[in-house]
Amino acid sequence: MTATTQVFDVAHLGHIEMLTDKYDESLDFFTRVYGLVLSAEDETSAYLRAWDDYEFHSLKLTRAETTGVGHIGYRCVSPEALARRVEAIEASGYPVLGWTEGDLGHSRAFRFQDPFGHVFELYYDTNRFVPQTAAETPALKNTASAFTGAAPRRLDHLNLLAEDVSEFRRFMEVCLGSRVTEYIQLDNGRIGGCWFTVNNKTYDLACTEEHGGGMGRLHHVTYATDQREDILRAADIFLQNDVHIETGPHKHAIQGTFFLYVWEPAGNRVELANAGARLILAPDWEPVCWTEADRKKGQAWGLKTIESFHTHGTPPVKG
Amino acid sequence: MTATTQVFDVAHLGHIEMLTDKYDESLDFFTRVYGLVLSAEDETSAYLRAWDDYEFHSLKLTRAETTGVGHIGYRCVSPEALARRVEAIEASGYPVLGWTEGDLGHSRAFRFQDPFGHVFELYYDTNRFVPQTAAETPALKNTASAFTGAAPRRLDHLNLLAEDVSEFRRFMEVCLGSRVTEYIQLDNGRIGGCWFTVNNKTYDLACTEEHGGGMGRLHHVTYATDQREDILRAADIFLQNDVHIETGPHKHAIQGTFFLYVWEPAGNRVELANAGARLILAPDWEPVCWTEADRKKGQAWGLKTIESFHTHGTPPVKG
Amino acid sequence: MTATTQVFDVAHLGHIEMLTDKYDESLDFFTRVYGLVLSAEDETSAYLRAWDDYEFHSLKLTRAETTGVGHIGYRCVSPEALARRVEAIEASGYPVLGWTEGDLGHSRAFRFQDPFGHVFELYYDTNRFVPQTAAETPALKNTASAFTGAAPRRLDHLNLLAEDVSEFRRFMEVCLGSRVTEYIQLDNGRIGGCWFTVNNKTYDLACTEEHGGGMGRLHHVTYATDQREDILRAADIFLQNDVHIETGPHKHAIQGTFFLYVWEPAGNRVELANAGARLILAPDWEPVCWTEADRKKGQAWGLKTIESFHTHGTPPVKG
Amino acid sequence: MTATTQVFDVAHLGHIEMLTDKYDESLDFFTRVYGLVLSAEDETSAYLRAWDDYEFHSLKLTRAETTGVGHIGYRCVSPEALARRVEAIEASGYPVLGWTEGDLGHSRAFRFQDPFGHVFELYYDTNRFVPQTAAETPALKNTASAFTGAAPRRLDHLNLLAEDVSEFRRFMEVCLGSRVTEYIQLDNGRIGGCWFTVNNKTYDLACTEEHGGGMGRLHHVTYATDQREDILRAADIFLQNDVHIETGPHKHAIQGTFFLYVWEPAGNRVELANAGARLILAPDWEPVCWTEADRKKGQAWGLKTIESFHTHGTPPVKG
């Protein structure tokens, strides 16, 4: 990437549609245990957000026959930027699904697909969350809604699985103008994982290599917490509520985030993460390369990555 | 601001030159107590940085006959962006001081002045910090240097005093392309304070009204910590080292940052702050307006702002 | 105190009866906002506890025509120790109120009064909290009940007002066998405040000088949190719920506890506090003396004690 | 245990003598990395303490040809209590080593041995730490010495290995009057581990089953931190200083402490732990029993105990 060609058409990750075949249990988990707030619900979906997400929703939880990710929405910086992106995507040769009418959370959106079957959409016009009741109104006017005390403050990132991470990287650079901040270089010459951002966050999307033979699968969705202590407290809440804690709390070597991974009732992996004060401010940031030798040291403080982390994705791969 | 005119020529606040008439005591404070690391020292200045600042220095501490701010440096995203900014500044009518050769931390820089006498500079070519010894080398390759355990992770922002905040705002918008995220609207129609950013940080520079009759004065310089707990721990370190704690720890209503203000030995106010996971990601963020009625509630949890916070700036105003 | 006469008849502070003339609002505050759990409720009182209090209740909230403290209950180490205490109290000349039948939380208790009208009781047989439902059952068998996520883990201490702290001290030493860990020595020769403990906690009861002319008044009741971060988070919850935050969060110079004071709806002052790892383990601990000169430095990090802290107690003094 | 026979002769764990065959490296670790303070050093030993340990030392680090624990010192509540303990120990039949002259940290001490070869001593007269310089003097007079910013606040506990935990339990009850707060009940009828206390701390000594065939071995020594955050920060300091992090940070199921285990350069295991506000205040606390089925769930948040934790002790067992 050269700095003069920096692309700033895309502002930020906006929302993720998560599929669940245990809708009631999943909704109960996200609202009562994980701590998201319900904006609205229709026959097919619940629209959820963290207390400081400024848009109507950041998680659309949809009844389905399986699990995984329905689509991923990024918001553009302006209508003009959206038009530029659409033009670039149409020229790219990647599958275009065309315009949707939007939904409760935003107006029309342009949908397209990566080579592995994940559906993305770009939009500009959004439906900001507006508190309707005194209980929803924040005490401080610079936050989006009432402080709930729950750990998730805002949507942070998601992780997708792809058979060819290099190919996925080209897709992200061409279609979203994302830049790579860190990546895993395997000894066999392949890229094992890649972390992307469209802004000063250190990443808003990661892609790691699919080992299960699935297509279009989700590895996890993550919300950001204000403090690491929020994650330690959440761990006790998950424990008390019989949530499957997969791994953590611990600190990632890659990206340095403090993390905790759990599975929501339908099996989708959900993370809480805290990056501290870390941001990528350098316009000429050199992507950090992690070798297999680096990875053998485990996570930052030595925790070995557990096996399910390499194999579990949603939906499950049919045998 | 309309999103289509978003200016992204300036990447981030890079460094601040602070003047001290007690150089040895100030340097001892910043290295031994506050927790910055010395990159280099020459006859006139010490070049300091926090452990995760990627540039050679973020604080240039300079021997002087008084205190205050020497200059403020912002880094541009590219040579072309720097050229665009220079053109805009030269066309603006604000005082131009011209190109400098740079110093230990960066190459040539373009200097100019706000109407209140603060000196700014823009530069692109920078001198990245490169660990010279094993002790300086970070255990994790995605951090700039060895973790020291000290509270400050990176430079965060500074606060300048100006007699006319509205005029200062015009300067920031024209010269740096900064956008306003929050401001204070006084009952008398004036703007009491204004918070600016050039990126996704909620602010990198604030300007509040000068009440002491001084010109070109500094209110404070701030480094970001990873956690609020780092600030609580720092408070005990300041207490143990006889540092003047002016106010805090507490949470600001404006910007919602957790803060602690102390005075370094020469009298410059220095802050530690933690913003949690808060960022401004919305491309069409509406600046938050705080009225005098809002301000009467004190800080977020009710702390009354102490008198010296409204009057103390550096250098002191001569009687 | 010489170590050979150490009195260990009294195990710990057990519960406090708080009076409220706004019962419904107070109960809503303690359960929904402050985070206690309701064990039972009858016509006159609610029985409340924190999630790791092992007894049936640690706070008895009682409908009354005014506010303040109904009585203070301490649990003895054994029936024999209780008998020894009763004998000592009866011999002391302090007013004896005699045996009560106990209530929902414990069996018979011996009541007596300090010279300022506060009612104390000692008991041994207690009604341990036993989870009745799966939701109440803790995930870890070494905690008393389900982790709720709320800040208060267990009852910590209370603070009473008395016109003559020295006289109150004699009462505590004679009747409870408490020892003094810290105290305030006024320039006029009086004791301004005194901190007592019957075990390794640094204090379970404090007494400060009554300046309002009241009798038998309460200054505050405090629950302990696991971490300081629990208190910072609680501050945001109090802010969001329109609770009057009187002062804090900050760190006390005396006892070094991190604190936050709020007023429950009826006006009783309630604190959250965290002592970190501090305990009084030394059997020959010398009480720490704080002079007026010490006190002029404010709290640990310089916060000035606000005026209401010196004057507000419950019930209010009739004009 | 019935409450009427509660033994309060022993006040608290006072110090541990740790043996090292890499004295210089071990001393460098404890002072520069772990954060203890050196009180004194003679030809054979360094006397170390945490910043709020009130005695002259809590860790005596001794040059030796191997590693492990030299002796364990507990302080009694009074000379009379010490005499009572000596009498009980002499009557017990456990090996008596007799009186020592004490050392830099305390006066004469009575030494005796458990059946597995660990040497204990009891003493009363101690050498309190007295700050000698302004830099050592605490800013707050209720702490023992200057706040250093390091994680360890005070000595917390140690863990010893024994072939027969039930037999070790009898030793602790008879000789120290310790009570058991939690224990592991193996399916084979043996006790797998036992946690003891002489005061309101939840434990000051633990004993777990020796699986390596050694005698008199040490499992680990632990200091308490004020906050969990101190441990997370320490983890980064250990990482930066190439310290072997064995496991953690995580939360124990047993005792619920937040922990981090590292090996000092000579191989002795050292822990940092935080218990939050947890204390054992109930005089009739029923020991908590953990079955093998319980233990299979791993630590509190699911971390599996790593193999070395079951096998590594000091000194190493000769092959």
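We call the chains A, B, C and D, going by the order they appear; numbering starts again at 1 in every chain.
The rule is simple: contacts are C-beta pairs under 8 Å (C-beta built on N, C-alpha and C of every residue); 3 or more make two chains touch, one makes a residue touch a chain.
Only a predicted model underlies this, so the values are computations on that prediction, with no experimental measurement involved.
Novice: When you check each chain against subunit B and subunit C, which touch both of them?
Specialist: Touches both subunit B and subunit C: A, D.
Novice: Could you see whether A-B or A-C has the larger number of C-beta contact pairs?
Specialist: Of A-B and A-C, more C-beta pairs in contact link A-B.
Novice: At the interface of subunit A with subunit D, does the proportion of residue numbers present on both copies reach over half, so same, or stay under half, so different?
Specialist: Both copies, subunit A as well as subunit D, present the same residues to each other, with over half of the numbers appearing on both sides.
Novice: What is the distance in Å between the mean C-alpha positions of subunit A and subunit C?
Specialist: Result: the chain centres lie 46 Å from each other.
Novice: Distance-wise, how many Å sit between the C-alpha centres of subunit A and subunit D, to the nearest whole number?
Specialist: Centre separation, subunit A to subunit D: 44 Å.
Novice: How far is the middle of subunit A from the middle of subunit B, if each middle is the mean of its Cα atoms, in Å?
Specialist: Between these chains, centre-to-centre, one finds 31 Å.
Novice: At least two other chains touched by the same residue of subunit A: list those residues.
Specialist: 140, 227-229, 236, 239, 300
Novice: Residue numbers of subunit C touching subunit D in their complex, please.
Specialist: Going by the criterion above, the answer is residues 2-4, 6, 8, 11-12, 52, 54, 75-81, 140-143, 153-154, 156, 182, 199-201, 224-229, 253-256, 274-279, 281-283, 288, 290, 294, 300.
Novice: Mind listing the subunit D positions that touch subunit A in their complex?
Specialist: Residue positions touching the partner: 228-229, 232, 235-236, 238-239, 245-251, 258, 260, 300-303.
Novice: Where on subunit B does subunit D make contact in their complex?
Specialist: Where subunit B meets subunit D, its residues are 138-140, 146-147, 149, 227, 229-230, 233, 236-237, 239-240, 242.
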